[in-house]
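Once you scroll down, you'll see the structures, which are given as structure tokens.
You will see two complexes here that share chain A, one where it goes with chain B and one where it goes with chain C.
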Partner chain A sequence: MLRYNFKYELRLLLRSRWIQILSLILLVLFGFSTFNGIEKVAKRKSDISIAKQQVQESDEAMLKLLDSVERGLPVSASSWTIPTSPMAVGNYHPRVAAMEPKPMAFVATGQADLFTHYIKPTVSGDDFALNFTEMTSPVQLLFGSFDLAFVIVYLLPLLIIAFTYNVLSAEKEQGSLRLLASQPISIRKWVFQKLILRFFWLSVLVTLSMLIVFLLVGTETFEWGGIVSLLGLTLSYMLIWFALAFLVNLFVGTSAKNAVSLIMLWVIFVLLTPSVINQLANTLYPMPSRTLMINEMREHKAEATKRQDEILDNFLRDHPEYAINDSTQSRNFYHSYMASQKVVKEALEPIVDTYEQQLHKQQKWAKKLQWFSPAIVVQESLNQLAGTSTADYESYRNQVIGFAETWRNHLMTYLYNNKPFAQQDYPSLPNFQFSYIANATIGLSVLVLLLIAGALLAFGFAVQGRLQKRGLLSN
Partner chain B sequence: MISTNKLTKKFGDFTAVDNLTLSVKEGEILCLLGANGAGKSTTINMLLGFIKPTSGTAEIHGLDVAKNNLKTKEFITYIPENLMLYPSLTAVENLDYFAGIAGKELSPQMLTDFLKEAGLQEEAFQKRISTFSKGMRQKVGIALALAKDTKVLLLDEPTSGLDPKASNEFGELLQKLKNKGVAILMATHDLFRAKEVATHIGIMKDGKLRQQFVAENISLPELEKAYLDTMNYKEALS
Partner chain C sequence: MIIKTFYKESKELWRDGRVRITFAIVVLLLGIAVWISARQYQNINEQHQIAQKAEREVWDNQGEKNPHSAAHYGTYAFKPKYPLSLVDQGVDKYVGSSIFLEAHKRNEAQFSAAADQTGLSRFGDLTPDFILLFIIPLLIILLGYNTFTKEREMGTLTLLKSQGITPWKWALGKWTALFLPVLLITALLFLITGLVLSNLKDFGVFNWQSLFSLFLVYIGYYIIFINIVLFISLKATKSGIALVLSLSVWILACLAAPKAASNIAEAKHPYPTRQEFAANVLKDKQNGLDGHNPWSKESKLLEQEVLAEYGVDSIHKLPFNFDAYRMQKGEEHEAEIYFKHYNYLKDQYSKQSDLYQSLALVSPYLPTRFLSMAIARTDYTAHWDFSDAAEDYRIATQKFLNANFAENSSYGEWGYRADADFWKKLPDFSYTPPKLNAILSSNASNLWILGAWMAVSFALFLITTKTV
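Showing the complex of A and B:
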């Protein structure tokens, strides 16, 4: 039976123009979404590149100024901006802490339209108040991004529904089912084979369309490993929708009822479940107010200002290494400021920790419940593949905070030792290097999606036998 | 080849087929006559295994249909009132597909030979079924019976809606199959065609086989009278 189904299914699909229509739709959807994704990545790269260019120019100016100062030449710059002061270097010549896009970043916008991809942490800035959010149009956020992940997670199931909802019911309604059922074949096996063949042909179309689009649109960052992961996720997600279509074809009945049932499943898995999990995560683990954090920060700063001398004494007692090489023992505004920054930071740590803990709890909750919806699993995995997941941005935030600390500590040694910054110190300035977290869960996601699809298909085979005993073809 | 023993089907309180016992041997054609709702199609559905009988048994080629449903279908060709094939496939392709899934691998030559034998004109072989009349589709059904080397042919109102010429051609095809030893059960309203093709004729009413004749022993007017008498039996009783 499989050989004849294979031989004629493609012929039937070609003659009913399904293959041609699907190819066209897939090419347009994949083409447009990939183009959109690539444009966004290009903008991100360009922003980072401009920022790096600005730092390079600023560094060149700094080195020229240092050269002039070191040679005793007069300089036309405000005293507080002259880079012999470590605070001038730390505040006016910061490094770029950039989150370079991953090769597959064009696949999913993820959190990329909410967070910035480069920051220049300064030596006197507040780490916890570093602003990682971007100016974003609320209208844009409302509609989301038309990226490849959107096409795969939201639109591809709709195409599958249109392609599969009436495999059995159309035979019933056209009258050919009775002739088919009078042959020595099992109808459920026949439906299964038809759907598996349609899955096969759609997989071929999806794979070819994606490859054609990637080659035509020309991703500079073509990465085979990423493409294989992307296809693995897409095909296993498609198989789940084919398995659902298999169950609906066997258990529901008329084409109209099948279509409505599948659309309802789409609404439940793609729209409702993610929203409910998100809402519950926010309700169960609410994030602390950012306004509250800023208010507390101001209060602590005001308090610290009143006790600056005491704070500085305590700080130096705790850090005797800063005084060892300092023969001047000169103390100015920045010595007190930096010492009080540390106090303010320590005082605010519980609030910042609460924010991180709540974020972790939310993520843990969502991760646990993601298996209720294959759409969440695929969206999350595509975000991971693109390096735009919540975890990626959290990792970036932590790495930037870590780098800000390194930057500050490096220059504080100069400050507290009252050692001027010189040209020869420039090469030892710390630089930021972002490293992405590993995509360890993508393979697991593919495996789980395949297991879910297998379980759904097995369920169809196990239960449909009983339905046939009740007389599936009686009308 | 085809036999039922006290075959009964109830849908709730309604008895569609009531203790039906019949037998059709090789080379016999039994035409079941009866009004709508007499139980003819339900009997065929049970012989195909589409419906489980409430009680009694149906056998094809000596095998219990309920217990060996897929096996019995190897011997059966079924032609419903409106034989629906795949409209976008040609006659040859439809025959190849249905014979193929039934386990009969046919060469292109064999496919055209069977269609020819079933009386389909050669220029129609490569035409899509969507352009076919009902009579032409029935011929593809007969070609399928020939291709499957069928032992049992079940026909449900096959001549309804056919013009007299097509109906006559269809009758001739049934005679051909009968002569090949096929056991044929045909449910029909068409007394004339039944008299023409059948070896045996049964009249059903309210799920029961009320009367049965050897076709050659009864004339058409006698058959018509017997049919009308059976149909009016209830009214006569009241």
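Showing the complex of A and C:
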């Protein structure tokens, strides 16, 4: 029977032009979204490489300047920018702390439009001064991006709904159901086979058109592991929607009613559940007010500024050699400034931490509740795959703050030793290397999605079997 | 005929259990959304007031200080939440809520709410605008997809035709039956919002006029959807097909078009990255007058000019502190640089918004979204308006401080300190958002597009009724 079903289903799909139409739609959707994604990644890469190149150029200029100073030649630069001062190096020649995109970054924009991908931390200024958000038009953030993840999470289910809502009901409406019932196959088995075949064909189309698009639009580095994960997620998400369509086909009546029910499910899973969970996360673990935080920060800073003299006095008492060697105003300023900076940082740390902690709690909560909607699971997994999830940007934030500390400490040693920065010190300047957090949960997500789909299908079989006593044909 | 059809359709709709459930769900969602937004609105405005007061106290109690130190110490401008954000949150979540006002620098608004939330927030929030813009059109589709196809399917169309109906009257009856429940639900929401707002404290700029305009915009949006859904129902042969087609229109208009528009807008008219922007500003600053650098070429030039103007040969003989004067000139120069660079951003955005408007021809969602945000004062323009006002205040503050410095000290007297109660003389920052008329006239093109959509879709629908 499966063989017949397979043959006729294929013939039917070809003749009704479903396969042709779907291939075209999929190619257009995947093509446009992949193109958008790749364009964004390319811009991100070029922004970073331009920034790096600029640093390289300014480094060369710095080395030349150092060379002139060391040879005692006159220089035309302003006194406070001459790189023999370690603080001048730290402020005017910062390194680029960049977050290079993952090979699969084009898949999901995620939080990439919200956060910046490179920062140049300087020695002065506290961690509050590091602004991690990107300069984007908020309208763009509001509308979101037409990326591959959007096509997969939002649009693919709708295509599946259009493809499956009337599998059984059309037979009923055309009157061919009685004919079917006379065949040696149970109705649910028949619906099941039909849907699985449609799932099979759609999977083939999705896989092929994705691969074609990737080859045509061209991802520079083809990461097979990533593509397998992407396909795994997409196909298991599709299977869930087919399983839902199976249940709706079995339990609901006419074509239109089926379609309405499936659309309702789509609205619930894709639109409502995420926003409700987000709202709950915000209500349960509210972010403390940033506005009030500013007040608190100002008070701490004012206090630290008052204590700055005290801090410097202590510092100079502990290190009398600095007081003697202190020749210029600016040096004096930086000594006291950098010393008190640490105090300010320590005072502000608990405030910064509350935000990170609250965000952690929200993320944990969201992670727990994500299983209420396969759409969330897939979106989050795709973000992970692309390296654009909230967690990725949080890790970037922490790594940059860590690097800013390293940068500061490295140059502060020169400052407090009153050792001028020289050419030979250049190679030992610290550099930032970003490393992505490991994403071990994608495999798990795929597995759970498959289990849910399996459970839905099994449920359909079990319950419909019992209900069948009432008779599928009786109206 | 119109009234009879209307009665019959309304009764039929009401008898359908699913319709009642869907209606109840939408009303419930709206209730929750309004409740959440109202709480948020109150919360944020309370915090806003506390912060504003505390910040002013910090400023007033600086003690004796050099005015320029105070300028570097700076102050904050906090953005209030506007009453109609209760209906449409707009881009509020994505723009910062506070601007640090300091010497030499125009800062962008900091701390957007979206940056402090999980990735889930990008799916959208359960706010009234989400329901008004996405869910109610969906409700229209669910209520109306089979309005005409059911007559075909049940075979009543032939019956109707044999009775000699006037197609347009019959169609208009059906149209009204679909329009009335939508009108009721929307009116209810706006009425409740109005009542909630007029009972909340500090409703600032709330007026019923704006709320009513917002209501009209949404009603226009729904009329367009009703026209489209009924047009499809007239043309389609089966209910299922009509439903799927209407849904495709919905997806295209509400989900796909805005996202595609945002992608195209970004690709065509990109913003600089934050670092690029900072670097560009710095470059311009280095080429001009730096208030802190008396040795630069520009400083010397200024010095000579001033000396010539006052007819003295040394800056020590000037009747004011030249350091402070130079500081003020530098400030003015820097303000110009910022003006130029922020104007570039505004230019880019206005090009982007032209693009959004041209895509509004495909999607009635776009003009509605922009109008709704604009009237609620939660759009990008409102944000620009606020940040421009903050910048004006910043410039005025710098002038106020530098003037005190210049008048009360002599050249080179960096040790000068202003009195402890001098700070209280700085006027408060006050901001009034643009009036409704100004907003409507600057959004005239969106209004026209929405009107055109209404007219064309209604005409299309009425003309099609003839072919039934």
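Criterion: the second predicted complex is superposed on the first by the 447 of 475 C-alpha atoms of A that agree within 3 Å, B and C clash if a C-alpha of one lies under 4 Å from a C-alpha of the other, contacts with A are read in each partner's own complex, and residues count from 1 in each chain.
Definition applied: a contact is a pair of C-beta atoms (placed from the backbone, for glycine too) under 8 Å apart; a residue touches a chain by one contact, two chains touch by 3 or more.
Small disclaimer: the values here were computed from a predicted structure and weren't measured.
Within the superposed three-chain model, A:Arg3 lies in touch with chain B and out of touch with chain C [touch as defined at top]. When the two complexes are overlaid on their common chain A, residue A:Arg15 makes contact with chain B while staying clear of chain C.
A simple residue count on chain A separates chain B from chain C, and the partner touching more is C. In the superposed model, A:Asn36 lies in contact with chain C only, and not with chain B. Using the contact criterion defined above for the overlaid structures, shared-chain residue A:Leu211 touches neither chain B nor chain C, since it reaches no partner. Shared-chain residue A:Leu451: touches no atom of chain B or chain C.
If you check the complex, the residues on chain A that touch chain C are 32, 36, 39-40, 43, 47, 51, 54, 78, 110-111, 114-120, 131-146, 150, 154-155, 158, 161-162, 165-166, 254-256, 258-260, 263, 267, 270-272, 274-279, 281-282, 287, 289-292, 294-295, 298-299, 302, 355, 359, 362-363, 366, 375-376, 379-380, 383, 389-390.
Of all the residues in chain A, the ones that touch chain B in their complex are 1, 3-5, 7-8, 11-12, 15-16, 174-176, 178-186, 190, 469-471, 473-474.
Taken in their complex, chain C has these residues touching chain A: 18, 29, 36, 44, 47-48, 50-51, 54-55, 58, 76, 78, 90-91, 93-95, 97-98, 108, 110-126, 130, 134-135, 138, 142, 145-146, 238-240, 243-244, 247, 251, 255-256, 258-263, 265-267, 270-277, 279, 293, 295, 345, 348-349, 352-353, 356, 379-380, 383.
Those residues of chain B that touch chain A in the complex are listed here as 45, 48, 50-52, 70-71, 73-74, 76-78, 80, 82-89, 93, 96-98, 100-103, 141, 154.
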